[in-house]
Structures are given as structure tokens and as C-alpha cells.
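My questions all concern the structure below.
Chain nomenclature is as follows: A, B, C and D, assigned in order of appearance, with residue numbering initiated at 1 for each chain independently.
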Amino acid sequence: ACGASNDNKKENAGDTGKKDDETFTVAMITDIGGVDDKSFNQSAWEGIKEFGEENGLEQGTKGYDYLQSKSEADYKTNLNTAVKNDFDLIYGIGYALKESLEEIAEQRKDTHFAIVDELIEGKDNVVSINFKDHEGSFLVGVVAAMMTKTDKIGFVGGVEGEVINRFAGGFQAGVKAVNPDAELQIEFAGSFGDAGKGQSIAAAMYNSGVDIIFQAAGGTGNGVFTEAKNLKKKDPNKEVWVIGVDRDQAEEGNVEVDGETYNVTLTSNIKRIDIAVKDLAEKAKNGNYPGGEQLKYGLEENAVGLSSSQEHLPEDVLKAVEEWKEKILNGEVEVPEVPTKE
Amino acid sequence: MDCVIEMLNIRKEFPGIVANDNVTLQLKRGEIHALLGENGAGKSTLMNVLFGLYQPERGEILVNGKSVKITSPNIANDLGIGMVHQHFMLVDKFTVTENIILGKEPKKFGIIEKRKAAEDVRKISEKYGLKVDPYAKIQDISVGMQQRVEILKILYRGANILIFDEPTAALTPQEIKELGQIMEVLRKEGKSIILITHKLKEIMEMCDRVTVIRKGKGIGTVNVAETNPDELAKLMVGRDVIFTTKKGKANPLHNVLEIENLVVKDVRGIQAVRGLNLTVRAGEIVGIAGIDGNGQTELIEAITGLSKAVEGKIKLNGKEIQNKKPRKITEAGIGHIPQDRHKHGLVLDFPIGENIVLQTYYQQPYSKRGILNDQAIYKHANKLIKEFDVRTASEYALARSLSGGNQQKAIIAREVDRNPDLLIAAQPTRGLDVGAIEFIHNRLIEQRDNGKAVLLISFELDEILDVSDRIAVIYEGEIVAIVDPKSTNDQELGLLMAGSKRKETGEASNV
Amino acid sequence: MSNRLINVMIPIIAIILGLLCGAIMMLVSGYNPVSGYSALWNGAMGDAFYFGETIRQMTPYIFAGLAVAFAFRTGLFNIGVEGQLLVGWVAAVWVGLSFDLPKVIHLPFAIIVAAIVGAAWGFLPGLLKARLRVHEVIVTIMMNYIALHTTNYLVRNVLSDQKDTTPRVSESATLKSPLLEQLTDYSSLHYGIFLALVAAVMMWFIIEKSTLGYELRSVGFNQHASQYAGMSVSKNIILSMVISGAFAGIGGAMEALGTFGYAFQHATFSGIGFDGIAVALLGANTAIGVILAAFLFGGLKVGALNMPLESGVPNELVDIVIALIIFFIASSYMVKWLIGRFKKGVK
Amino acid sequence: MDLTTTLAIIVSSSLIMAAPLIFTALGGVFSERSGIVNIGLEGLMVIGAFTAIIFNLTFASSLGNATPWIALLIAMVIGGLFALIHALASITFQANQVVSGVAINFLALGLSLFLVKKLYGKGQTDMIQQNFGKVDIPVLHKIPVVGDIFFSNTSYPAFIAIFTAFVVWFIIFKTPFGLRLRSVGEHPMAADTMGINVTKMRYIGVILSGVFGGLGGAVYAQAITLDFSHSTITGQGFMALAAMIFGKWHPLGAMGAALFFGFAQSLSIVGSSIPLLKSVPPVILLIAPYALTILALAGFIGRADSPKELGNPYIKGKR
């Protein structure tokens, strides 16, 4: 680690000797979503916890930990704090941290970093972890296209941007691949934190006949779930579905109507950040830190795709999903990363 | 002795000032008792103590012979004490009825009974001859009617001890007369009244006894029948006061202000000034006599650039100034003592020093190239404070902390000191004590003697008659007569002001 | 005790009381206040790096605080600092990206454009207030949202090629200081702090020492009297909002050219504008007060980040402490009363 | 989509968005009519949302369908208690009311998130199962067209909010309490001399703002977000404040303004499915509600007269 952190102020931490030899420590810096965003920060943290537990580490500066960012200005401070605490591998979670991480990687050449959802090139001490979100989105697109009864499908994105576009693009391609007649409405809420807006958009979509919405909108997505559940509550026989994102969002879809439990989550397009994060940590621990490389996680790595909550999906749909997955894996189908505009 | 109220050896301190020091006041049943003193002598404070707004540091209050602690207006109300405050305590946006019933609302099922309330108000207003419109909003009614509302508020609560804090300061002569009659009615009903006023004439006419305080100290109580205005003034100020203002003959020179055919609309868009003509010459004081609401306010606003002149010309020293910006007009040589000192005269949250340079802050020596020179400002303020006898802790004290009279003195100091070619003085002595009035009148005359023009607007005929060299009577937005103060009297002016007798302006203008 | 001493004591006592309440909170909820606060201290002042970060965080706080304070002193409540800051931010990045000029021109140019754009964002509420008596509070709230969406749109569609982040501004427009960074162990401290201090002096000078400030204050206190005295009420209201907006705009430029060096799509508001309200109020709307309050806030905000890691205390505790400090300052009447009590007790 | 459906969506989402704003703005009316500025409405909503969600999560299993309604009551109580802090600071301690309001906002968010972390060990709660949902108002929704537009797929809180606005209007303008409340905001010294306890009335005003702000936050959380996190209440309190001023401190005006905000918001959302608005760039639709508000204020609402003594502490005997 760098010189400055040697004048260690953390005397209450007890042992201040070099710990590199004994334990391999990891930390992650969240984006402003926070560690329990029910989304990628949480997923990353789960991966790190798993890694830590498997390796007998404790949460804290001598094992594994996370640093929460409350605003964009905190990224650099947090990254530096992690560096100064001698973590052996430091993750920046989310594309928002790219610029900050790039800058700090330049300054702290001896520390190993990784960024999730972005690509940082030409730095030996940064590994980029990317997901082929579009591949997973394609598959849920296939699901939606086959399951819709109205031939109307919706997509609600948070703020238009590269990552969200991958979701939209893949989803659109998936829908079109199996059901070219289906109408797809793509909307962006302009925010990841406006549940009210998410609900209104969903209301408009469902009202216009859409029966399945894929949401990739963070907190705004809560509103989509709310609306679907409201409709279900009013009329349990009505077919309204939400496709979750990043994690298995089955729990968010639970709704109780007259003592009976329904679920509006059709399935989720998961993104196993935990797998990727843990995977890289293992590599680095064993001295195989692939500095400067870009690691892509997609269908092949089982890091994207449908969640295990598949009870709403009939056999033929699952079969079709398998087939399309195969086609993507063998290169027969190239999934686009941005939606096309009609 | 049948005393309803006895305030014994009251002492009340404010931070840095003793407002009342060993003051004693005894009010007999059924008497009208005057409380007299200079501005800032502590009259209002003493009454606020009686009304429970302030707690005295020392002293005792007896009501009907029983010692009481009046810790809130509620208690005062319960003891039958009511007060009409110097600054009206009325909610502008409420109706007359709402103001009167506030805190003691007739209600049914938790809802205010508006009808019954208005009916109640009408009943007492008839009983005491206090004419009001129960449904009018306070902001829309005249000051005189507001005063009647204040009195009704007290009567509605059944008070039998009434305190009037300078009720006549804001009233027109007619209204003052009416108030006198009302007080007479109240006295006949067995109520006792404490009246604060600076007008010795009113004391002599209306009151039975008078208690004098000077600089917070009780000087004593005298029977009105056994005294005269000169003695009272002397008691109050501590020296002899000359009443009728001494002034030499005016030497009018060239025309300073010429108004031709002026038309001004009021805020509601109605013509308030309708083709008004007026000339004020250097070296004279022209007094405008008139009942409130006959276009005086709009006339002043048009001259000073605050309202638009719809038609006509206003010339200052021969140059047209109508519809110019206020600053240009000020710079052209007009000074203005506004009628409402709190609203227009002062920035209450500024120190006196900064108030003194309110129109001149951008000129040397108070500032240079946009930078203020605090030293010059406060030095100047200090000088004026001394010169005009403004009683304040220092030039750094906020204007808010001064008594009304001293606030007015500060404004006058500022305006007179600028030595404008035309000085407009609107109600310059409202609410001031005789000493201060004398001082201000002398200042106005001094301006005149220095060859400046002075335009005086006042509702007080005595003041107009005393100070003016010519009197212009305004009625419904026009000057209906120009009279010579030496050859007229209250009666004639009163008639003219009421519009009953129109003189040809041409006939008198060569006076 | 003299008045002046009491005025100095009040913020100090308020801070102590705030921290004390925070400590009680920690105790009650099972955390160790000593380790909590030492983590806070270490994260704010612990070494050169954190000190640098504190000063860096202080920079936009000073500008936002000055913007709020300036308007406040002239009788206006500018809740729109957040929006003015965002547009200034994007404007500075735009200049930083679009021109190729020598540094002596480019950097000042970028800052001035940010000031102008921020001022323009303050102009509209000022104009509406002055001409139509529309309450500035609503208009500035609305302008915040308009700024947020507009700048996000610009970042994505104009300043970048459909990306969430713009490229970095060119070297000639940056406030970054390798020297300051090195001195502070690679914190992101930049030259902006000096500008912030200069701005504070300017605010003090304009408000207290200039005829302009005299007019602005006068109009703020009493529009009628100011109008009688020949001042233009409309002009002064607009001017006040414009100057306030310019301060905020420069605050945005500090983030644009210093802390970040680029602009990005904001998911929600940056929060600096709202924190600026607290900074201004804590600083009694005076220039020196704003500097001190910004320092305190900067330290607390930066230090808070270290609390969970080093002591396990949730960093929301710092928000609570900040809120309490603001309360105690606001309730200076109570503090004065306490001092009075204390004095009596001593006697 | 046909016109009725489009209108139905717009109306229904306007109402749902407006309900929390109406309640909170009414709270603001109480406080500000009594003369106390309350920019802490945002924080009061946060407290309401927090309380309701925590209560809902804890008691849903035992209280069933009644949970969200009881949670509203609890949120009102806690909101009122929280507002007491603002009352204490700004009335008793004569604090600058804006400062105190800002502190309320900081404190509410900090405290509730701190407690969420303490209680659940994470930064946001789970989702509640018992929420308000959407309903067809019995009988009324059967009216042709009108029923479809106004009374289908809507929520009870919205109608309660509108009804409450009328009740508040009645209280403020028809009862002795209302007269007294307004008098202390207009001219506290006059009220004092009439034997009205200015301090008491102002306390009541501020506490009621907490009660209603808490209610607004609770409605928002239980109708829209269904969980509590740092992003649950993000600016709705400020919108409610704006609605109150927009509505000129009048309960019905505030209600109208809140409905207008809801309407403008939903128009921007439904906009893309209206052919006429389809080609408009999304950013224009995003800023439309806010721009419309400014236009409305500038165009025909104009001057707003606040209670005269709004923001000034009442100090007995001060000139």
C-alpha cells in the first residue's frame, strides 16, 4: 500500500503490521443507491460476504467491508479511505464510480481495484467487470413476448443511459424475435427514485392494455410493482405481470387478496454481480489478479438470465428460453445493446 | 375617595432604560382622567402595565381597592379594564364584527354565529352612538371608524374602565369632536376613562383631572379646573413653552412649485385628484387643509413621483417633474416627511445612522464610487441626533427601538437637513408632544425664512392656522379656496373643507 | 458577559449540545460514542488527506451558503440554489469542453459563464417576484426541477455522446491542483477554496460596505420606505436574485472544474443547495459565519463517511447531529437563557 | 387509447399523486395561518412515511386490511409530536422559523434512517403487504363516463383528502378556533389583547401541520412506494409547500394547487401516449409540470398575500 497509510491512525484496530501475507481483504464502495438497494449494490455485497465467510474473514477493516456513498462527491473519499485501510482489492460498484476510480487508480498504483458495469482501459491495477445485461434482457423479452395475452408489453427505465439502454435493447430484441407483432412501449422515468412516477407510468401502460412490464428503474420500479399489485388486488383474475431486474424480485411481487397470496413477479432478469465479485476476489487472492483486463459476464458464465423463480412460466416458454439461450451462446444471435426507435 | 384604579409607585424597566419610575395614578369612578407627558415619557408603558401586557418591577395595582396582579390582558379584561392602543390593534383582513368578537365569539354547534354577532355589534354601536359597518373589512374603512371599532371591542367585553392611548392623534377635527361626545356618553354610563393626549386643548375641554409624567417620573396630579395649558406644558416639559408659533412676515419670491390641472388616480383607479391647481413660492408655507380622503395622499404621491399623473403638469423651479422617478425628483430639490412614518419614513431594522442617509447614501461623503463611508454616515447622524434632539441610545440603535415621537424627529432631521427647495410635510406632528411640535414648527418656519418653499398637509386646523402663510383648502381632489390664515378661523375653514362653500380660486390667489 | 462574547459562545454551545445529544443517541442505541466520534474526527481531520477532503467539501458549501445568505439578507428566500448550482456546473463543463484557449482566459471564462448562467436561473424568480409579486419560494422550487431535468438532458445529448458522464474538461479549464493534491495525500482539494474565500469577502463587501448592498438590504427590510427614498424595488429584487444565483453558479463551477472535472446525470439533486440553506443559517447569513459553518459541515459530511467503517455507527447519526446543531443555534434564545442561568448559578 | 381511458388514467393518477400533497399542504395552512413558517413539511412527511411503514410491517399480520388505516392514525400522532420540536424552537425559543424548519427536514431523515438501520440492519425496509391499492368507488363508478373517469381505479385517500380540504376550510373560516388561529397569524398582539393565548394557538397550528404532514407522508408511503428508504420522500414536502403558497394559504386553494400538480405530473407521463404529444422530446414533458406551475403563477395567480405576521416570533411588548 502507499506510504501515507503507514502512519496508521487506527491503533484501536490492534495489530497494525502488514496483513497482506496473512489475510486477503476486500472492500466495496457503493454508489448512492446504498448497500441494500435491493439491486446491484446489494448483490455485490452478497458476493463479498460470501467470499469473506468462505475464507473465514470478519467484517471490518481486517476482512471485508463496504463503504457507503451518500453523494457523488463521496466516491473518491471512500475509495481513498479504502486504500488507506490497506484493503487488497477494492471494488467500485456501478458505472457512476468510473471517473473517480480511474483517477484514484492512477494515484494509488499499488492497490488493486475493480469496477463493475464500466470499462476502464489501460490501467494495470483495474479490472473491469461487465455484464451482458442485454443477453439476459433478451431472454426475459422472449418470456414476455410469449406470455403476453394482449400483445402489448412495456419497459420502464430509470434514467436513459448506457446500462439501462442495454436492458431496453436486449428486451426489445427478445420480444421482436418471437413475436414481431407485439407492441413494446418504452418509457424512461427520468429518475431512479420516483416511485410515484413509476406507478403513473405503469398505470398508463396497464390501462392501455399492456399486461407485462419489465422494469429496470431502481426505486422508481417500486411504483411499477405497486401498480401491478393494486390491479391484482382489485381483480385477482386480472393478468398483470412485472419482470424484475438485477435480483430475484419475487418477494416484491407478493400481494395478499382476501387471505390468498398472489404474485405479480413473472420472473426476474438477474445479474449475478455476486458471482462476478466473488469470482474475481478468489482469483486475486490466489495471486491471479487479472490487472487491466475486462471480465465479461454473460449467459456463458451463468451470471445473467432468468431468476430461479419460474413457477409462473409454462414449460414451452422455458423451453423456448433455453433454445434462444443456446442461439446466443453459439453466436447465432447477436443481441443489440441499444433499442431501436420505431 | 372612590377610586376604581390605583397604580402605586410603579416602576418598569426596559433593557437600558427606566420607562416608569415611581409613578402613581389614581382613577376615580366616572371621571375622565388625562395622562400627560412628552414623547417617551412612559405613558404607554404605564398603561400597558395596567392592561397586563407588561409586568412592573415594583409597585402595586389596586382595582376597586383590592390589590391585584394583572399578568395578562385576559385578567385585565376580567377586571373590566379595556384599552384602545396607540397603534390600533386591529386585524386588517378581518371584518369589523370579526375584530370585535375575536376571543369571545357567539357560537352555535361550534360555528360562529355571524348574524348574531353582527346584530350584537349593531346594538352596542347604537347604544353608544358609535357608527360602524359591521361587515366592512378594516383595511377598507377610515381611521375614524377603526377607532370606533377599537372602542366597541372594549365595550363588547363589558369594560367599565377604558384606557385611550392617544386616540385623537389620527383623527380629523370632526372625528375628535365625535370622540368627545362618545366619551361623555360613556362617562354618563358610569365608566371611568384614562385619556392620553398631547393636546392640551383637549385636556382642558374633556378631562376632569390630569396626571403628568416627565421622563418616566410621576410629577403629580392636578384638577383641570384649577390649571391652564401653560402650567400643564410647564409641568410636562419642565420649562416654559411658547404656544402660538412666533414667526415673522413671509417674503414670498419666485414660484417653486407650480401644479397645473393635475389629475391622479387612486389605487382603485378612481380619480382622486381632479384638475388641481396650486402654486407654492419660495419663502412661504402653504398649508393644505382638508378632510382625510380628499386627494391629499394622491397629490403628495404625484409630486414625489410615487403615483402617476394622468394629466396636467407639476413644475419645480420651472422644470416639469411629473412622472419622473422619485430619485430624480428628490435630486431636483424636494424633501418629504411622509404621513406614515413606519411604512414610508423609516427602515425600522436599520440603525438610525443608516436611516439618516436613506436618500443620500449614494452621494459623497456618505459613499464614494459605490463604497459606503460608515464613519461619515454615523458622524453625520450623530450630529443630527444632537441638533434635532432625537432621544436614542446611540446612532447605532435600530430605528425600531425609538419612541414614535423620536422616530418622527429623525425623519424630520433627515429631510430638513437636506435643505430642499420644496419641503413637503405630511402630518409632521401627529402624535408628538408640545415641546416637539414647537420644535418642528420652528424648523418649518426656519426653512421658509431661508427662502425655501414648504407645503404642509395636516388635518389639524390649529397647526394649519398657526404655521401657514397661505391656506389651500382641498375638497374632492380640487383646491376649492385659498385663504389667508390671518383673516379666517376654524369655522370658516371647516365649512370650506366640508365643501359647502366654494370660493373662486382666482379671487384669493393674489393674497 | 458581553454581547459579542455571547454571540460567539452560542454557536460553540450549540455544537457542544448537538454532539452531546448525538452521543446520547449512540449510547442509547448501543454504540460507543467515543469510538463513533473519534472515527468522525479521523475521517474529517485525521490526516492531511481527510483535511484536504474537508476543505474540498467546504468549497461548494461556501458558495451555496453565500448564495442563500445573500438573498436572505435582502429579504428573499432562495431555495433555488440547488438548480442554479446545477446549471452553473453544466455551463462550466460546456465551456471547459468546447473551447481551446490559454488557461488564463479559459478558466476564468468557464467560471464567469457558470456565474452568468446561475444568475440567469435566479433572474426569472427575481423578475416574477419583482414584476408580478409571485412568491420566490415556489418559483425557485420549480426551477430546481427544471434545472435537474434540463442539465441531465444536456449532459446526455449535447455534452456527451448519449452517455451518463461528459468527458473531462480540458486541462486549461481545470481548477485541479497537483500541488494541493500532493500536499494532502491525493485528496481532491483544488484551487476553488481560494475563490470561495474571495467570494465570501466579496459578499461581505457588497452587503456591508457598498451602496448596492445598502439598497438591497433596505429593500429587503422595507420596500415602501425604499421606494419613497428613490430606490427601485424591482431592480433590487431582481439584482439580489441574480447575484445570489451567480454565487450558486460559481459553486457549480467549483464542482465542475475542481472536484469532478466533468458533469454527469444526477439521479437526484446534489443536495449542496439544500445544505447551503443550513450553512447560511448556521452562519447567521454573514460571510464569516458562512465560512465557519461550511467548514463545520464539510468536516461533518466527510467525516461521517468514515464512521460506519471505523466504528460501526450509521453515518445518519451525523445528519442528526447537524440537525440538532441547527436547532440549538436557531434557538439561541434558549442558549442565552442557559448562559444567564449559568451566570446566576455562579454568582 | 380512447379519450375516456386517457382521461381516466390522467384523473386517477392525478388524484393519487395529489392526495399526499393535499394533506400536507393543509398542514402547512394550519401552521402558516397561525404565523409560523413551516418549510419542515418535507421532514414531517418523512416521519409520517417512516412511522406508517414501520407500523404496517409490524402489525399487518394481526390487523389485516385495517392496517394502513390504523397506520395513518399512528403517523398523524407521531407527526404531531415531531412537529412539537418545531413549535418549541420557533414559538417558545423564538428561533428563526426557516432555520428550524430546515433542521426538521435534516432531523427527520437522519433519525428515521438511523432507526431503520438500527431496527432492520439495513438502509431500507421491506415492502408492506397491506397497502391502499386502487378501488372503484361503490355506486359512483357505475355512472357512465363520469364514473369511469373519476371513480374507477382510484384511491380512497384522494377523496378523503378533498373532503378534508373542505373540512379545514370550514374550521378555518367558520369556527371560533379558525378566527383565533388566523388572528394570531395576522396580528398576534391584537389577538393577545383580546385575551387569546397566542402561544397556545400557534402551538396548535404547528402541531396540526405535523398531524397532516405525517398523514400526507403515510398516504404516500402506503399508496405509492410501499417501503421506506432515503428516496421515499424526495421533494414532495416542498411541492406541498409550493401548493400551499400557490393556493394562497387557503385550504381549497391549496387543494386546487395540489390537484394541479398531480394533473401536470400525470399529463407528462401519459403524454407520450397522446398522439399530439408523441413527438415532443421527453425532456420537455419532464419539465412541463414545473414550467406550467410557473406559467400559471405568472399568468393568472400572481400576487400572494401571506399572513401578515408570518415568520415573526411574537414577543410580548416588542414594538
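Assume a contact is a pair of C-beta atoms (placed from the backbone, for glycine too) under 8 Å apart; a residue touches a chain by one contact, two chains touch by 3 or more.
Everything numeric here is computed off the predicted structure, so don't read it as measured data.
In summary, the chains found to touch both chain A and chain D are C. When chain pairs are compared by contacting C-beta pairs, C-D ranks highest. Relative to chain D, the most remote chain by averaged C-alpha coordinates is B.
Between chain B and chain D the centroid-to-centroid distance comes to 46 Å (mean Cα coordinates, whole Å).
Taking each chain's centre as the mean of its C-alpha atoms, chain A lies 34 Å from chain C.
In this assembly, the C-alpha centroid of chain A lies 75 Å from the C-alpha centroid of chain B. If each chain is reduced to the centroid of its CA atoms, chain B and chain C end up 47 Å from each other. In chain A, the positions touching at least two other chains are 68, 160, 190, 192-193. In chain B, there is no position where the chain touches two or more neighbouring chains simultaneously.
Contact with two or more other chains is made by residues 231, 234, 286 of chain D. By the contact rule set out at the top, the touching chain pairs are A-C, A-D, B-C, B-D, C-D. Note for the complex: chain D touches chain B at residues 174-176, 179-180, 182-183, 186-187, 189-196, 308, 316-317, 319. Chain C makes touch with chain D in their complex at residues 25, 29, 77, 79, 124, 128, 132-135, 137-139, 141-143, 145-146, 149-150, 152-153, 268-269, 274, 277-278, 281, 314, 316-320, 322-324, 326-327, 329-334. Chain contact summary for the complex, chain A toward chain D: residues 34-38, 68, 160, 185, 187-188, 190, 192-197, 199-201, 203-204, 207-208, 219, 222-223, 225-226, 229-231, 233-234, 251-252, 254-256. Put simply, chain D touches chain A in their complex at residues 1, 5, 8-9, 12-13, 16-17, 122-124, 126-127, 129-131, 133-136, 153, 220, 223-227, 229-232, 234, 236, 265-266, 269-270, 272-273, 282, 286.
In the complex of the two chains, the chain B residues touching chain C come out as 304, 306, 325-330, 336, 338, 343-350, 354, 358-359, 361-362, 367, 370-372, 374.
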